[in-house]
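Below is the structure I would like to discuss, written out as structure tokens.
Chains: A, B and C, in written order; residue numbering restarts at 1 for each.
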């Protein structure tokens, strides 16, 4: 078959490669030299192209190599976070599974928030000045990696006190956001342009350091230790959602797809994730989205409760992507799923 | 085959429908009009009867429709919580998988506690007056939805102080219960009247808002924010139990089954859940039971570690129910599994 | 086939038995009389030898019975914790899957720490006197079962104050260890002497009482209740790791295998677990290892995301062990996998 699935060695590459093979497609890995051994262990790449880093995807020889194999790149979080995404979207001359323009929106906090709002989805409030604050907030410092230096304030006065103490200046980079108290859920959706349908394939919550270790430290010790929370993803934990909440999440997912069609045509294609906090089962706030495969899907490489309902055993998100590519190829509709 | 599996569209309906189909039985969905689209997405219902709400199950035309299809209703949590259960048990003239009388016991706090005690199972202590309190307690307000307004007190004095502060009157509705410190576990059992055996098919813990978000808020911020815990189920997280604890849980499960046979003949039939807190691996307190399928089984629609031991791949609780119905039908013993 | 898989009825025996059967090997259970009913429920033992307790494995008739069936014992945590391991390793005259000498190292805190250090793996610092302490520490009392009596101190002064208050004397048994703030992860590895390769088959985190219940108690109530944490394993929760962290964990796993070859020849054989805390995704501290199957693998009796990548469906650690035994038997290399 003159079509293959390519991805970069990180994030959810193992799943994407395996999914391609399970659907009978050739699996191509753009493998960073430093991780050659890791990916060799799993023996999943039919073709392996060694690169120095993700920026090498823009090298002309790499691109022509990919094009000669009829490769379609499946983008993931590392591509969003580790390249100049605007440049990548413009200069990468290999078909991408999904809407490449959306990757830019995902990587820009303002565009992201606007897209969610235009979709009519509730997002946490943002405050442009400490004086406006009238609820608990989380303060995000510009360039703070892994949430280092983020802090919580219980209200306006507490915020002003903490800003004064830490000597942080209010400037354009400082982001003051409503702190929503509730549990996080990350449902994994797939929008099929071939079927015109949204599918739910899994749900997880993130496992973050050190914030998910705080609960194991008694309150009195926490006060002694003066631990500051950080929010770096180490892994994921599987979940299922209360069945009566599914309708609401599908509604959010469809509003999101609809908004992308209007604002970023041709709109959403393939996997996305609605990153939400539930104040109550009926009161859901969306603080982020991902417009591509998320790492939480790695929990379900061997299938999920939801994918079993739709497809029986072994349908991961990576395989669902490969399936859509295969079906589009077989019906000569590849242009519907790549950009 | 002149037998079909019916359920109401909520809670664990997707699993129940899929289980029926996996066992070769017709799957009938009583679908609330507002969730028609949700259930259509999964294409699992062979027959779909639109209703306005769960109370429509008592409509005569709905019942005769079900009876004409040889339907057996699989009850779940929504039926317990959203209908007048006594009326339902009396007036619903369609066979129910399980012991319909037990649904009444499950929905009544006093009967429930009595059943557990008569089974010789340790339950948290309950106090009829604040003056009796000699340990940490959790206070549950009458009609408090989702645990809103529940609060913890460290002992008698703290309780009296908090009751005075909040102006809550001690009355018949106020429920003062020992607060057991320990982790929660929810093992999912199935009692087969055909085999005369209890099976363990999975274990989960609940994921509740907002109480499962508290651990991620540093203690100092919790004190500032003054967050009050609520206990509304948003989802479930899979577990396995320490193997040396299984014997104890089977013992509890069998005592429970035994007690139901004595007190609520013909006793337990099918799925149930023992909702427990482990102070230590050997010191287990049971604070609730469910005498029907629980939503935590949705984690294992594609099979669980335990169901794999017994049945190999893909045996969910929903499928186990359908399997029991099919076997009972084939051996003309349906009267053993329905009431 | 003149080879069978034997194990003792506890810990991960169900998985080990099932794995043997899935690989076509005879499954032999050394079953404590008190758990006869438990293991009968699962019908997994082809041969069942009733014993009073784990120390009966040293009985001559038991050993000759095992040897007559060509049994290879798969050791697990109960054998480490419940017998005099030095005596067992010396006197048990039945082949053991794995390196029996390593079981001694695992059960000795000093040898264990030395092995990790010699492998060049970062471990939490240990302090021989309170005066040396310059960071948060956790203090472990000698013989404290299940972490009862463990406590945290924020530094030297806090430690001295707490030691004085509790009247605990500093002696050889008291173990003062750096308290590393971060999330715990338990990756399950398998080292195949036949392939000369390390495989990753799953990841979990433990679910411990009561420490994993603390996060659900509001900070203000924790302060009132004065809850002391305990660390007794009740179960396990599945995880996947961030893909970019896998390289680092494989590196640690291979250093570990390498060090065992040097220090405890013939070195690691079969399953092991690296028990780690992640301060950040890049900063990983290893506080323990297990040189045999861990109970967290029970999560993946029906397969894991990682085992699916390597083997497709249904490859548990128990089955992986049986597979290695079968392959070694078929190629007459059993001596490579047993000691």
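Keep this in mind: a residue touches a chain if its C-beta (ideal position, glycine included) is under 8 Å from a C-beta of that chain, and two chains touch if they have at least 3 such contacts.
On a predicted model such as this, the values are computed, not experimentally measured, just so you know.
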Numbering shared by both copies at the subunit B-subunit A contact, with half separating same from different: different
Between subunit B and its twin subunit C, rotation from the CA superposition, multiple of 5 degrees: 120
Centroid spacing, where centroids are CA-atom means, of subunit A and subunit B in whole angstrom: 34
Residues of subunit B touching at least two other chains: 212, 214-216, 219-220, 222, 227, 237-238, 313
Residues on subunit A engaged by subunit C in the complex (per definition of touch): 10-15, 18, 34-35, 37-38, 41-42, 44, 78, 146, 207-210, 212-222, 224-227, 230, 232-238, 295, 298-302, 313-314
Interface residues, subunit C side, partner subunit A - complex: 136, 152-154, 158, 179, 181-185, 197-199, 203, 205, 211-212, 214-216, 219-220, 222-223, 226-229, 237-247, 250, 277-281, 303-310, 313
